[in-house]
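In structure tokens below, several structures.
Across the two complexes that follow, chain A remains constant while its partner is chain B and subsequently chain C.
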Partner chain A sequence: MTSTDTATESPDGVTTEITPLKEESEFVTTRTSSPRRRALDIVVRSVVPIVLALIVAALILLALGKNPLQFYGAVIENGLVGQNWQNSLVMMTPLLLLAIGLIVVFRGQLWNLGYDGQFLLGGVVVAGLAPQLIKATSPGIAYLVLTVAAIAVAAAWTFIPAWLKAFFGTNEIITTIVMSTIGVGLTNILIEYVFQNPAVRTPQTRAIDPGDMLPYIPGTQVPIGFIVALLVAIVFQFVLSRTSFGLRLDVFGSSAKTARHVGINSRTMTIVLFLISGGLIGLAASMDIFGQWGYMRTNWNPSYGNAIMPFVFLARLSPVGSIPFIAFYSVFATGGTIAAQESGVSVDFLQIVVALILVFMTVTEYVGTKRDLGQSYLPDELKDAIRKPLNAFTGRMAK
Partner chain B sequence: MTDLLTPTFITAFIIACLSGAVPLMLASIGETVGEQSGVLNLGIEGVMLMGAYFGYVVALGTHSTWLGMLGGLVAGAATSLVLLVLNVWLGLNQIVLGIAITAAGGGITTVLYDQIYAKTSPRIPTDNWKIPGLSDIPVVGGSVFSQPAMFWVSLLITVIVAWFLVKTNWGLSIRAAGQKPSSLDAAGGSVMRTRSQAVLLGGILSGLGGAYLSVLATSSFTPFMTNGLGYIAIVVTMLSRGKILRVVIVSLLYGLTIAVGTVLQLTSLDVPTDLITMLPYIVVMIVLLIFGRDVNNSPVLGAPYTRGAR
Partner chain C sequence: MSASPTLAPAAGVISLTGITKAFPGVIANDDISLDIVNGQVHCLLGENGAGKSTLISILAGMQFPDSGSISIDGVPVTIGSPKAAMRFGIGVVHQHSTLVPSLTVLENLMLGEGGLTLKEKRAASRLEELSGLLGASIDPNILASDLALGQQQQVEIAKAMWTGSRLLILDEPTSMLTPSAIESLAESMSRLKAEGLGIVFITHKLREAYAMGDCVTVLRGGRKVGELSPERMSSLTEDQAQAEILRAMFGEDLAAAGGLESAAELAGATEAAPETSRVDVTSRPVRLELAGVSSVGKSMDVSVTDISFAIHEGEIFGIAGIDGHGQAGLAEVLSGQRAIASGTVSLQGIDITRLGVRSRQEKGVRYVTDDRLHEGTVGNLSVAINLLLKRIGTAPFWRFGQINKPAVNDEAKRLIAQYTIHTPSPNTRVGTLSGGNIQKVLLARELGRGARVVVVNKPTYGLDLKSVRLVHDLLREFVADGGCVVLISTELDELIELSDRIGVISRGRIVGTVENDGGADVAERVGHYMIGGSAHDID
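Moving on, here comes the complex of A and B:
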């Protein structure tokens, strides 16, 4: 280890190696125009990346020899029209809970990228134990006990990365991803060797009786997990923006040094944030298994976390603000899965769209920030790199 | 167990070990160069998949594994251009871009493969170079000295990169850009240019690693075939702390766990396959817990450089 390493490392071991998304704070302080204009600006910046991504995706579809209008028509048809909006809301339940779980850690400038392992481990606890627990007791008790268990298991899975980060500054991006992969494998082993349904040969758990699944919201086919997700969003919006915990979290997120000066224990904060994040992801898993699937088989990995990544940023890490974005993606994914199958494109096409949104999001944010600050769109060094050869060239021409 | 220790078996074991290690080694060296210059390329998984797919396509089309490797190289470089332009030049968030590249790499290759090859899934004929004389040695001859010629090129690349990183001004610039970019800037170097070169080289090596995996190690392409190898490369880089020799050793250890996993599957022992896939990750986690606690990446790793910013 060189001396420069230690000099910039804060005494409590939290290194600030990750760039904060500082565009946000600059945006707030430099903007002088009316609140309405500001609100409009936020909406424009959030919608533009999605529109651009959809346009490019349409071009890709054209290149693959598919009709993009037909594809998008099928997306709307299967995601929204008739009774299909209910399917989208069912899908939205775990996505929204997961989004809030990510928002909490991202606000603290910590990266929990181990959502897949946490989600599946939480899910396997529910799917593996629910059928028998429901028989032994009652559905109500099973919902309660297993949801708590799923939350605990998923939260526990974040502990090692959180502890390494808090006490040794080990990069949590890497450790959460590694733990996630272990979690995915462990889930498969649990299904195959512990929770295997003896009645079937394929590796899968027993299924919850359709009658014992989470009850629907009256008048719909949407399980009440959806209401849980909305409530959690509202509660976390309040906690993050109106309580002292939320303020401390934001201080911690903007500067670990400042946080220490005002008496925030960054070690505790790091671990607490990870546990909350994991817990919410466990809740998402529980609601998803109880509400939608009822069982789990091996190698099932919906990868919800990767899919919603762009939308938590587009919502500027606001739980309630993320609702419309997650709703949009739920419709897009629900309809898009069917549309992809109908048109013969791999379902992984949706991943390309997500990636496009991410890229356009960062670019839009960049352009917007530069415009707000009245800065040039190109960094100095890049301009020099372009200008010097250009000047040399034009200079030679003049001679 | 004793009947397992035949020369044929040991030969197969060494082959499994090496073909598991080399793709990871190439990608990890690429990632090391990037991280030494201060750029954390989280999209390496996507870059490898692009390299693997396009290497496969070119090798199929041209019937040449060499051109296939070249195709992987170009695809890797092209994919890393996204990171180069958006992160190194414009300073956009590396982690978000890394996730985007991973998603895009997986999505693009799977969509294309499904569209074109899924029904036939053609294989590439193997193209091993039996070194005259040496390949006649029992055990080692059939394994180490009958590798694809690219194996030796990879080793050569490793040595060259290691030498350049440590012994040349270029290597010094790279490390300066990763430790204290402002000092490189003050000394008249260009952080942007240095990091651009590092990212491009990283993309090239990761693309080669991906192509090695599809064209040479498995002779075929399957969607998401890297299966987290890109993330392992990031971990290897983290554990090696910029020392190429350590990258090689850790990669070989990884190859060993892969080979052990294959052996365990061959025996009649009932070992879950998932345990075998988890094995390298568990090893990594244990290593991190025991040795990696004081892993301190460069303070500017992941931070875009803005001249004059504090």
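Moving on, here comes the complex of A and C:
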């Protein structure tokens, strides 16, 4: 998060003080950053962290005595080849919706980190009520009613943090995480005491009949939730980049001061953004339960939000831009789970790769910002720390 | 008084050789070489954007030059961080206060120290030593927020010299000082000089450069374009020196600036005086009236108490005062950004107290903020969008919520042409423009289409001289057409040049109003209110 902050702010403070020299334009052009170069720069900065993470992950695999080429080969095999790409798309559906839900608030520089609680609460509404509602009415009505209900419940779960933030400035990172923990617990209680399937002894809800799940996209085994996710991505891309709401949101996110200056009501904006974010997370939950799982057990938490966190930043908070990144992760996670089992590596290895991407993303942003500012890449203290022992060492050698 | 043992040896020189520093699109420093000799005041002159700030940040370790070298007493050094600069005894006093208002003077001074425990006794004796050196008396236990501006600056200097100093860099230290405070600063500087310190003195006022400096270096467009050695300085009269410096500062632009005389006026070579053709505006109808307006705010800068004044059509009402004494609060109360706790604001007799920013905008109450980079504009958005920032969502620029790009671009092009904003295109990111052009974007946005009252907060801060004149002309034009302006500024010269009346704000209250009648003592009268005098003490 901090890395994006510095990236947006840094160049301005420096360049504005200086007037360009007209008479030296030919000398200057080599240093001018053209839009094309900037675009290239963004692509490089987005892809480099992934490449570096994969290389380091390969080294870790080598250290564990596994063949990294074989592992990555198995990832592609199981995530992409044959009919396996369809599994990846199924996985992609909730991830993409969740990503858009995060992008909307992150653009406003608000941090909704309570996605787990919001997702599970939205999900339990669907899983808990769907089997009976489908029986009582029809699948179509159940999809519609319960999706709206999941959206409403997940959005409502963001309201307390949003209200605290808007009116009292309470740090939303803490409040959303706290609310998330409560939400996870509440989900377990609901499953065990309200929605428990009487036919089994394990704590879980009744399952939706396989025939009543979301229909597939014709010719595939991918539920239509995937189409919904793509549509939502396109709609939000339009809203964020072409409408007055999107512009107000960008102004609000760039600087709360400017927002106030131009008359944007930051309280309304904060609450609206949180509600939209929660709503999209609820939609993700509904599409995931209706499309993939059909029921919920206690202590089930896919933690989708943690997995996609680096990718929404690599996509520079663009809904459509996040599609390839989420697709990459879906393939990697789908294929990786099987590849890990085959090669005897823990499935948690995937989390390590995500963490590595985050680390290299921070490093790439840091180096990029330093380069924009024309500063030395290494911090002075680090240079000293290396130089001093080195000098002492070489000095001793000379004696 | 003996030299402090922590001071560097007197005979010494810091040499910059061939310093070059480029930023994307701009060469800020181009092959600059200069020697800063201990025991001399070295004036650095040049317009904003000439490369002074970059050169200073290189000396202070905040930027690293692309090429060129720095040597201290003949030994090549690398100044890689502010910490390193401090180790070399290079101290910087920045234009803005860096003191923490809620801490005492002594605590502020000890902030930069390492170690586990605070060494108060040692710090107190160091402060005593330094205040003797500066010829100032500073109470170590007073809160920084309670210091007068001149004292604040003395503390800043002490802070810059805290760990021992051989070079002191003063970045435009005089811009918000009253004439008497400038005198005492000059005295402190000559004492430090006598102690063998090197001083780099940055200013854009020629008369100060001549009065306080031993030698002068002039920068223009990132290049060193002129210098006066100490010998040459002392052999020239003030007028000769000024003429020489002006030619270097403006070069071939001197004719464009309107000849030597008008350039001299721009560059603060002469004392400020109000325009001669001042008309009496008090007989005109009242445009804006404040009655007992108070606001609630967490800091002094944003809270105002019991403000009452009336401004007439065609009037410029100046607000003078030490920075951070409620200027921001006053501006925000007028623009509708800050809620009013009590009192009323009325525009042409109509109560607008309860209206928010957007409704006041529509009624013609506009605000040009002083924070043009972080409040007035969004640096990452285009010039066109920034020009329409306060009209987001309105027709014809947005239709059914969707942006109408051709309409936005047409309006932007119109404003860019009208206000001669230098930008490659309306789609250029506004953050890449120069300060003067960003200010023009703000003025274009606020002065146009039915503006009645414009609040301008430090409108020329950090601008080059040509832009300063342009901003002044725009404001004069605006009042000539019957508009009215609340001009908040910390530059006394500017207030005297433009205002009809000058109100002085202190601790959120208007403590006095001075009629700007062209008298020679206007500056001193304003200064008197600023340092806490009341109306009775005058005469």
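Heads up, the rule we're going with is that the second predicted complex is superposed on the first by the 343 of 399 C-alpha atoms of A that agree within 3 Å, B and C clash if a C-alpha of one lies under 4 Å from a C-alpha of the other, contacts with A are read in each partner's own complex, and residues count from 1 in each chain.
Just so it is clear, a contact is a pair of C-beta atoms (placed from the backbone, for glycine too) under 8 Å apart; a residue touches a chain by one contact, two chains touch by 3 or more.
Just so you know, these numbers come straight off a predicted model, no measurement behind them.
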>> Just checking: does A:244 make contact with chain B only, chain C only, both, or neither of them? Give me first, second, both or neither.
In response: second
>> Looking at A:192, would you say it contacts chain B, chain C, both, or neither? Reply first, second, both or neither.
In response: first
> More residues of chain A in touch with chain C or with chain B?
Replying inline: B
>> Contact-wise, after the overlay, does A:83 reach chain B, chain C, both or neither (first, second, both, neither)?
In response: neither
>> In the overlaid three-chain picture, which partner chain does A:179 touch, first (chain B) or second (chain C), both, or neither?
In response: first
>> Taking the superposition on A as described, I'd like to know which of chain B and chain C A:260 touches: first, second, both or neither.
In response: second
>> Contact-wise, after the overlay, does A:348 reach chain B, chain C, both or neither (first, second, both, neither)?
In response: first
>> One more residue to check, A:202. First (chain B), second (chain C), both or neither?
In response: neither
> Same chain A residues contacting chain B and chain C, which ones?
Replying inline: 8-9, 15-19, 21, 379-381
> chain A touches which residues of chain B in the complex?
Replying inline: 40, 42, 82, 86, 89-97, 99-104, 106-108, 110-111, 113-115, 179-180, 190-193, 223, 228, 231, 234-235, 238, 272, 274-275, 277-278, 281-282, 284-285, 288-289, 292-304, 306-307
> Once bound in the complex, which stretches of chain A touch chain C?
Replying inline: 8-9, 11-21, 23-24, 27-28, 31-33, 242-245, 247-248, 250-251, 254-255, 257-258, 260-263, 372-376, 379-381, 383
> Which bits of chain A are touching chain B when the two form their complex?
Replying inline: 1-2, 4-6, 8-9, 15-19, 21, 64, 111, 113, 160, 164, 167-171, 173-175, 177-179, 181-182, 185-186, 188-189, 192-193, 298, 306, 309, 313, 345-346, 348-352, 354-356, 358-359, 361-363, 365-366, 378-382, 385
>> Give the list of chain C residues in touch with chain A in this complex.
In response: 21-28, 48-49, 51, 53-54, 63-64, 66, 80-81, 83-84, 221-222, 335-337, 356-358, 361, 367, 369, 371, 373-381, 385, 389-390, 392-393, 398, 401-403, 431-436, 438, 462, 464
